[in-house]
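Letters A, B, C and D mark the chains in the order given here, with residues in each chain numbered from 1 onward.
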């Protein structure tokens, strides 16, 4: 392509909240937006390559505020990539996301080294994929093969091996911190943010697998947030009960991670009001009405009897109230890439098997957007939930989230107006990242989990 | 006995901190102390019966700040007393305590109805035993056959039966509360203190079985303490990490339950200073040097690898610092009565099998007192830890804890001066409760766990 | 009653296979039948008390060839009767059986000492109940709280206690024998039959809990049978596969215990022919068509996925073929008395919860008889399956099984002809044992498992 | 090399039992021995290449009668080679064996397809490795991730995956056969021997993981052996108790697989006499005295408490008696190649961790030979146990086992006389297979389990 490109003729919804700009022109130079306006105002320039987008609609490349580029940590997947080189899996997921128009992902828990390596390869242009921002570990959690996630996974291999696998996630800020005085927690976090190369901080307010318990005292939570801020990072907390949520808010977090999940009890009205009043960014795990019905009609999850269905109903009630109160919700829902063996696995199966499954990166964001509309969000707000608002929440709004001069030229080109019908988000014509049209047919380049012929996932012989 | 009795001739250490009164007289009327002074000042009275205690030493009847009158909740014990009539077991323990000179016990977790019934029978004089004050459930905990204590215990019986057994402990303030917003917790506790007949409130700051996690937010903890106070009760928290302890102190508890246990990390200096400065009563799980050595030299507990030994060392370090700082420590250590099957049980065996076992009601308090001396406590302070200080901490000092006019005439008569040699606490001559000499040879009247010939415990054909 | 009694006027089906004798008289002296004939031939005698049975039908008191007087070995039951005094439970079951007209039971696995004590109390007239013949242990099996029956039951108590409980069943002929050379097995069995006081020998051809495996070699099986015969006892084998059955037959057993159960594969035709040709007594676990339908339509048993339903269908096919071939089937089906907690227990629930439950002593024999008719047995053969044929198989036909001179005067008096309608077995008018009319309303005298108000079973607060 | 080669100058022990031939010449043509005799009788020939072996000793290439080329079926190994292409592992083991002088191995349980493929590659000369004869599955056993071997291994992956892995071993003759009538077993075995490409038949007389139980009736065992013989194959049985061994002998097996292992009870004298009298080939799991001492002094195996040590002592007693009686013992002991994670694994660790570990292919045969001498075997008999006798037992004595005209020219060249000192078996100078000197330094060519730098086994960051 030429040094300067103009994407011309599309209806443009720029993600700032402004109305549709008919017959727009978007001028891109060096991967960034230089100018946006009516195509009629575009002056013919010598070096400018015109890309005709007549009849299409352009929105900012989407963002996802809660992704795990590697989440299927079952032995059949992880043991194949011993000792801990998961780059291939991470890149596959980043490419699946990009092909679907999600040009930026926020990875909120994963194997640090592999995530970091793939982030760098993509940033440097060596590899194609969604732009990655990453948290590494959820501070306070042990690794995937521990009681925090899936205690039994390591039973059949040697303790050394289990420890080695977990280490990729733990990174020195694991469950040991939950034993510590607050000031020791502060020290460990300070070290972590200084040396790990992460982009933002995430910690456990709720204990992950046990849900109802708390991992850190208020003092410790405040210490973590302060250390994140001192390092110029945003901080977020994983919370799953009303009190864990409240503690995180009081600790000063910048983003509530699945803040709509409050376990068995609905969010108190005061908390809803607080979130709305402060416009505290809140990732919401929205699911469609069809999925709510399926999750609650069937006996879907045996693991914590009845809890799952109850949780879904409580969450749905919270979501409706938050939207009605004008809270700032963000798109996200543990989306990742899964192989066939995940579908029959008790840990992942339930959330992958509904009519509108929640966790498929590249697909489930469409159900999220539909669910937002179903719950009363305006089409424009739904779009902002997946673009500008996420960028602002993570303080990356100088780079991404809108189509404005100076921003990365990340565009999603659709075959219909998504403000008229949310299903038009499915009609992807093109994905542009850093001003370049993505060759979506090539992605993922090296399918592992997504390739039925590859042996990790195949069900042959 | 006559209406008025005088115990004459003993050296009296009255538990107020005053020095030994040689050749004392203690006049008792209607079960209470009427007068204490030199026997030379005792006027001959008509109706006064003299009990000659020449050559002995009298101290206040001992108190134990952390007892569980029923702790061996193994199936072989509980199922024998279905459906939940554990009175016989509770009374046995109360009699074992009394026979050893512990005239008042604070039961900090147990089956509410049985505890209440036995408390009433003893208070009314219908039964003989230690005076009981009780907490019922530790708020936030599920029953004994749950993941909070011993998850596998109910596996072989029907779920109905497990639920029925747990219900005796749970009493409406179980693990459900950990899911709740703080104001719901407040409501449940208000109801509990109003209707349960308990004497004081205990709640989980640390999660019981998981140790390192927190059960309640700061707001919820404050709500619990406020409700206890509003009902005129003291409140205490179970804490096992530095932060759980700190949260409990911040919530305003009146007593720190095993406050010296801080898991893997020693108590921060600031917390030690705070406890000492405020003279916050703190039950300490003191164990002798012999026991510390045994617990840490052997691989004693496999359950949480290495944790046990580490915990013992950390606790010991905390204890020494607290004593040096002048903190107000109280005697207690999960003491109870156990049958033979407990000794080989992984849950109880380790703490029952050291050279100076920690948990034997009627015996282990002697090791506690010895351990206090070993760690630098003065003999007088050791005595106060087991008498006046406990009474004050629980706000029962108008009734028990010292030998002063108006107080219950609870006396422990020893064959040697315990201030000279702590081992003299073993040389029990007599136990007096409410002014009456206890017939110690009869106790326990109906041995169950303590009787090798009774079938629950027997190992015969 | 007088020394001599005549039961007069009933239609008598004497259990020899002879046709109904209308208006019969049965003369009983000293508990035994003295004479049977038309009442018209009965000479008026001085000392003879006449019991008018006009309008009723008399059959021999029923026998059950496979009963366990104590089968609910769940902790809530067994631990209540520590250390091993289960007499109360055994007697309750013997009384439940007697009240239903089952005057003789063959207990094929149970706690030896309690069974023996209750057998003696009933035989001596000290207690009322069914006549008991007993096997004690199934040779080769460990106790109820072992991997042979319910491995997890003892997990929550001490190993000593588990061992002590199992010992009541094991009696020196447990799973140790499966490790031994055949001649050592012989020695252990010789000792057992000589000293245990059992009435007949039962051993494992199939391994109990693992079903598909074999416990003993052909040589060892022959040694067991030979030792039983040398001691004048019958021998039977527990078999659950075609080969285990065949090995037992080849070893010379006198009775095939649930010989119709062959697991996943139907019984080979040759085996059916062999059983029929030799008239080898075979206890069959007949269940009604309704129950077969229920067991196979639902996913009834999760324990061994799908196995249960398959087993039911295979068994049913075997039963039909055996009946068609003229095999000598005997009534039996693990019948026992159960408390409420058994119904929700995975081990017992499935076989107690069908429309026509299989295992209720006192009730399920009625379904057995109905099932026999459904599968093509003649009414007379059905009656013989529950009377004479069992007596002959166990070589007790000189005592019980028919109404003939010299036999025990055990009678079941019905309100309708059971040969006309098998449901008439339900219409019990009277039960006579040893010539005496049983006071059925009193039985069981001391309900435990059968009493909803007793605490072992109650589901109250 | 030339078409004809002469290995000249070595002392030759030809494996027929004949005495040492000093200064021998072994003429090899087309991979087979053409002539053996004193080198002085060797006529100078044109095309003959002379290999000078002066100062060395030549014995036949060794055979191992019980090898598993792939035995470490832990998830970290198997999942890396999904879906079931274990050729690399099998070949590695075959090369480890060859490099140690074991020129022929009998694989008695393993993944059929991979074993078959590697066997063919070696036979065709495409790959270098020991000559392989294989049994595929042990008839009656389920796969490695089942209750027959390691039930928990598949818990963390999907059931589909577990089934797929097990299928590589099961091959249609798995645990289903234990449910079948004997004639069905016969049919399944007939099909298996006809279609599977195996070299010999192995079946379970003892149940593998449960040890003390029996998998097949005598009739079924006979049917299996008959089908093997009808297909021209030898048959062997896995037995672990006296009776399982006896049943196998009675069924007509050609070889007793670890026939010296009889569990908790020593082999009866009659069985010893029978084995000796019939000269029934019997693989014995000989271990050195040092190892017996280690296995029985420590509490080595917790899996089946005490059983392991008992088993070792019983086996050792059997071994001594069998040797004294002149039984024909064969070398073998589950030898395989293991990676570092096996050493800390409870399933393999105990037998890999003694002073003279039992199961290391390429090393542990040296301990076996030493143990044979320790137990009274003559040096010549020890050599025959590892050469001619194995060849005869498997009916491969027309091909391997001795240095005689017509046989494969498989030679082990040693630096000392192994009949003088059994430790001379360690002093390997050269290994010759099919007349060609093996380049031992290259083996294994592609180390996986044996390479500390390869990631399956590495314990690095």
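Operating definition for what follows: a contact is a pair of C-beta atoms (placed from the backbone, for glycine too) under 8 Å apart; a residue touches a chain by one contact, two chains touch by 3 or more.
Source: prediction; values computed, not measured.
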item: Chain B and chain D: spacing of chain centres that average the CA atoms, whole Å; value: 65
item: Separation of mean Cα positions, chain D and chain A [Å, integer]; value: 54
item: For chain C paired with chain D, centre-to-centre distance based on mean C-alpha positions, whole Å; value: 51
item: Per-residue overlap in chain B, given as positions that touch at least 2 other chains; value: none
item: Chain contact graph, described as a line, ring, star, complete graph or other shape; value: ring
item: Full enumeration of touching chain pairs; value: A-B, A-D, B-C, C-D
item: Chain D residues touching chain A - in the complex, by the definition given at the top; value: 74-76, 79-80, 82-85, 150, 152-161, 164, 167, 341-342, 344-345, 455-456, 458-461
item: Parts of chain C lying in touch with chain D, wherever the complex brings them together; value: 175-176, 178-184, 207, 210, 212-220, 241-244, 246-247, 263-265, 268, 271
